[in-house]
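Sending over a structure as structure tokens; questions will come in a sec.
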Amino acid sequence: MRPSGRTASQIRPVTLTRQYTCHAEGSVLVEFGNTKVLCNATVEEGVPRFMKGQGKGWVTAEYSMLPRATHTRSQREAARGKQGGRTLEIQRLIARSLRAAVDLKLLGENTITIDCDVIQADGGTRTASITGACVALVDALTYMRSKGLIKANPLKHMVAALSVGIVAGEAVADLEYIEDSQAETDMNVVMTEAGSLIEVQGTAEGEPFTFDEMQEMLELAKHGLRELFDIQKTALN
Amino acid sequence: MRPSGRTASQIRPVTLTRQYTCHAEGSVLVEFGNTKVLCNATVEEGVPRFMKGQGKGWVTAEYSMLPRATHTRSQREAARGKQGGRTLEIQRLIARSLRAAVDLKLLGENTITIDCDVIQADGGTRTASITGACVALVDALTYMRSKGLIKANPLKHMVAALSVGIVAGEAVADLEYIEDSQAETDMNVVMTEAGSLIEVQGTAEGEPFTFDEMQEMLELAKHGLRELFDIQKTALN
Amino acid sequence: MRPSGRTASQIRPVTLTRQYTCHAEGSVLVEFGNTKVLCNATVEEGVPRFMKGQGKGWVTAEYSMLPRATHTRSQREAARGKQGGRTLEIQRLIARSLRAAVDLKLLGENTITIDCDVIQADGGTRTASITGACVALVDALTYMRSKGLIKANPLKHMVAALSVGIVAGEAVADLEYIEDSQAETDMNVVMTEAGSLIEVQGTAEGEPFTFDEMQEMLELAKHGLRELFDIQKTALN
Amino acid sequence: MRPSGRTASQIRPVTLTRQYTCHAEGSVLVEFGNTKVLCNATVEEGVPRFMKGQGKGWVTAEYSMLPRATHTRSQREAARGKQGGRTLEIQRLIARSLRAAVDLKLLGENTITIDCDVIQADGGTRTASITGACVALVDALTYMRSKGLIKANPLKHMVAALSVGIVAGEAVADLEYIEDSQAETDMNVVMTEAGSLIEVQGTAEGEPFTFDEMQEMLELAKHGLRELFDIQKTALN
Amino acid sequence: MRPSGRTASQIRPVTLTRQYTCHAEGSVLVEFGNTKVLCNATVEEGVPRFMKGQGKGWVTAEYSMLPRATHTRSQREAARGKQGGRTLEIQRLIARSLRAAVDLKLLGENTITIDCDVIQADGGTRTASITGACVALVDALTYMRSKGLIKANPLKHMVAALSVGIVAGEAVADLEYIEDSQAETDMNVVMTEAGSLIEVQGTAEGEPFTFDEMQEMLELAKHGLRELFDIQKTALN
Amino acid sequence: MRPSGRTASQIRPVTLTRQYTCHAEGSVLVEFGNTKVLCNATVEEGVPRFMKGQGKGWVTAEYSMLPRATHTRSQREAARGKQGGRTLEIQRLIARSLRAAVDLKLLGENTITIDCDVIQADGGTRTASITGACVALVDALTYMRSKGLIKANPLKHMVAALSVGIVAGEAVADLEYIEDSQAETDMNVVMTEAGSLIEVQGTAEGEPFTFDEMQEMLELAKHGLRELFDIQKTALN
């Protein structure tokens, strides 16, 4: 029995609130149960130096937790003077996942930056970020077309992400914090709406996991991600 | 005529939403019109090193703007590797203002940290932060009493803050961004509910201001702050 | 009775020594009693990136205390790897105050940087810095005219600054360190020679202050600043 | 046909040179073809602060590339003033993988740090690092037993790692740089000698990958990792 | 003919002004012609961590140039966020030189820090710093004895330093900036009053120098340093 | 008797292995006994900003010790976030020494960077670095000529470096770590093959040294350096 009473494959209630703030070209508050992340997409002309002159655009991401998004306060990274390894790892994952959704050539020499700021954390903040950020990205692309910044739609396919894991010997989907902290294995799966994989990151936190357990987790992810794509679609209509 | 149609002394609609997030001991979303700041109060045992052994507590604050709280994206301070001068100046102001509300001896050797994170900015973020943070502080103190961490109530008086200024030659209260960016003078006033001053910071952005204009601004501030104290009181009941 | 035997409105002996060092375009040692600050003005062609192409100049300032300017040694900021919040706050104040003295259009695309380095501290270092820096600024402008870098004189009016405060319940002018450390309220006032205000920063260090006390402090400041403008004028002749 | 003439499942010649340097408690030069990483294990008494008082040890890792380990010189991270996201991500992976090999309780309150410095890079530096570091770890544990620092052997099982990927539509094992730079998918697999998984990190660099391709890559990894465990075993005898 | 009209062996007028500032336990303004350095010695109880428990004291130094000590303004190191290589090299030299003057055992577990801040630079700032710092050190030791912090005098011998060099093919002593910038070789010599060497640092800036030229420079240094020891002695009486 | 059984003037076995790694334009592993340093020379078009437009090239160097190059592990500078004073001092010395070997005009607007990474340390790492780096530099120049990047050979003369010192009252050459840690004086000498001096840095670690001892050390250095030039020559043929 899971702490929330959910079945092994059941994901938490997910909501996607668009236009959550008023300045960003795309602004989505994504909620997976008590996990709440604000995903703001910013459109800027030009690309970073290493991309210049290739006629292609760039999509990048930054991730941060508010200091008191968690049970105890964590030190503010701006005050510490650097972003931690976990933060860098997560924002690199978000950025790679979103770039996989976009045809950079159709984007022209423009940059889209997605800021994912965790307002409240209860497990799965990186996968919630990707799921919400993709919707904010779509809104930013719509904005760009309406302003004539791009002609064709650079979106190749929606992407979404889900965490799965092995808790107390059983594969479960969409772990909340209390499960995550006791999980033997934690796996994040990023998928396209067409059912192909963009990222799979499985980590044994306690005992190593078998190839069979890996299969079970992948199945749960595939199933839960279908739901997420429906929720994204509904939010965008 | 002000852009919002307000009179010179009229403040924007102000709301204070308590328990906005679930982990912090005090969590208040404060809104002054389109300016939205999340104020989370954290209670921790112990005090910073320079306060140790004095039998007194400490109240401090940190301030940050989400990168896309504003019209254009500003660089994330954690990524730049340091907090800017404006950020440090504001969080020092917030912290001093809140310490003025508390009897540090009655707090015992405990620390309260108030994180003020600007979700959306439209002028007056530092004064909104102080006004909201004081309510979060009260909730944190209530939490401490309920847990037996303190015996007496360390709150000396509520504090609130308001921005006033000279725009197009006229003194006005609670400037929104478009007014702020054209103001000749900008003044932030922090007051106690008893009507005494904690901080007055007036700055000529364009032309210097006269002693008479200073008086006018102070009067507007006094008047608007009375309203803010009522709104705080209502929120706390 | 004040520790120095001064009356409430009496400021300390103030001296302004021009051409204190030989390389800077303006170099003034300002002394307010035992407080000694070296203000060096540097003229450089060009402006910071955010000012480029506007046909206007820029005036900025940096502030630092020598590690042993004070009773006990404070850590060197260069060794710590960053400037503290107090330093940034002060140098922002100095820079804003000096910019208020200058017509940036008449300055052309040139930058004047004023370095205020505190050789010895005994209270009021920021107001002494502004008072001395304005004289160094005038010398730098004279240098620029003599070199043909500017045609008209960009100086709009002299500026000077004075600290006032409430000590033991009484308003006093030009606090020395021992008074400052016991003051209930500390207020810094920056004024033009025409008697208009550029900055007013009042802070309750202990008890909040009343609107009446604020008036008293402003009166003392106005009075003392007249003396400072005379001393500046004498130094420049 | 692969650039090296290898078959799809064929790994490069792998050598493990123990006692490569004279000071470290374990010192292994690992070579996967032209990829050469020096793995030095250091034993120190005590544990980091967050581990204190739990009676358990700690295993951590640091990773770095010499500036000219690659075709073009990359800036030295010490000169830049911070470790990049890629470096932090890799050293976190190495450390997690090695901790999975060790019973931290049997280690007592001691810390083993494994420094993985890439002397020459030709693809697969992180997986080579893990494979070599595990041998250095074993040597460090042997040292600890010989010195009486631990009684029982904390090693639970050997770990090794291999990169696999999809290049030109085909799954291949142990990619060298030229393959890696053109791979559609890159996957790093960390396994125990018992055949369980510690980490799986698959990333679509170009096209997303299918669940079937994922299976193929995992099979190649399992096969190649068996070889690596034999090579480790031989080196340790 | 030297720019100043000095003979090859002639040093500039040197003055040592003690008690230049009022807070430091030793405070000396040292002037070598136009080079002016303020040397403040601070006495603090305790020693750095790596020295603890050895019953010995520590002497260290920090060096900095005011941004406009030179012909053109150099960036403030505190603003850059780090001390440059030249600064670190010089302050390490000053500290080593001063430690060679002191019996650290007789100092007890106390630390003396000498801050050398260059007010105005005209060549030879590091050697002037050492020469002035040694006098500040003596004053600090006198202070310590008067306060009963130490019983015996830890001073082993005075130290002083002089720059010598090869300019236009000729060996000269005490180079001012204009000579220094054209010197083929620049050599700094730190000596004890007994005539033994503490540091010799010779650097070919242009052409390499011969062993004979090295001898000539050492002779000039020995001769000039005798004068400096007399000047120190006079200042201390 | 020296710990290694060497005579006072005898240097350790020195080897220079060229093409030690495959990517750098010059790559030399230099060994002085147990001291092993990898010197990689990188050729890049263009020069640093301060050299632009002068038609001259630039030669620079970076130095680092692997964390476990020494008996105990030292913290990785990239993780600490800055290079230490010792590192900066050494890499400045290496760079100056190499620039003295090259006619920068003949180099054109190209930059050669020599990375000296200490794989294993046993005293004399900076002098070994210079000796090995000069050979790597020659290989890089040969590469440049073969690619047509330069026409004439910019090499003015080979440079090499040796440490000498006073240990137990006797002058000795090429100190290994155990001698270095007990030396009264440590001196590094950088010479050209023509027998002129580029750098002499003598430091009294314990007792000051006499002018006579200085002579003895210089003689030993001159003698040992002749051997090093022969070894360089042999390696390059």
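Labels A, B, C, D, E and F are assigned to the chains in the order they are written; within every chain, residues are numbered from 1.
Heads up, the rule we're going with is that a residue touches a chain if its C-beta (ideal position, glycine included) is under 8 Å from a C-beta of that chain, and two chains touch if they have at least 3 such contacts.
Keep in mind the model is a prediction, meaning the values are calculated, not measured.
Note on connectivity: the fewest steps through touching chains from chain B to chain E is 2.
With centres taken as mean Cα positions, chain C sits 28 Å from chain B. With centres set at the average Cα position, the gap from chain A to chain E is 58 Å. Once the centre of each chain is set as its mean CA position, chain B and chain D turn out to be 50 Å apart. Looking at chain B, residues 81-82 sit in touch with two or more other chains.
Viewed as a network of touching protein chains, the structure reduces to one closed ring of chains, two contacts apiece.
In ring order, beginning at chain C and turning toward chain E, the chains are C, E, F, D, A, B. Of all residues in chain C, those touching chain E in their complex are 21-24, 27, 34, 36, 38, 40, 42, 44, 62, 64, 66-73, 76-83, 87, 113, 115, 117, 119-120. Contact residues of chain D toward chain A in the complex are 82, 84-86, 88-89, 91-92, 96, 100, 187, 191-192, 194-204, 207-211, 214, 218, 222.
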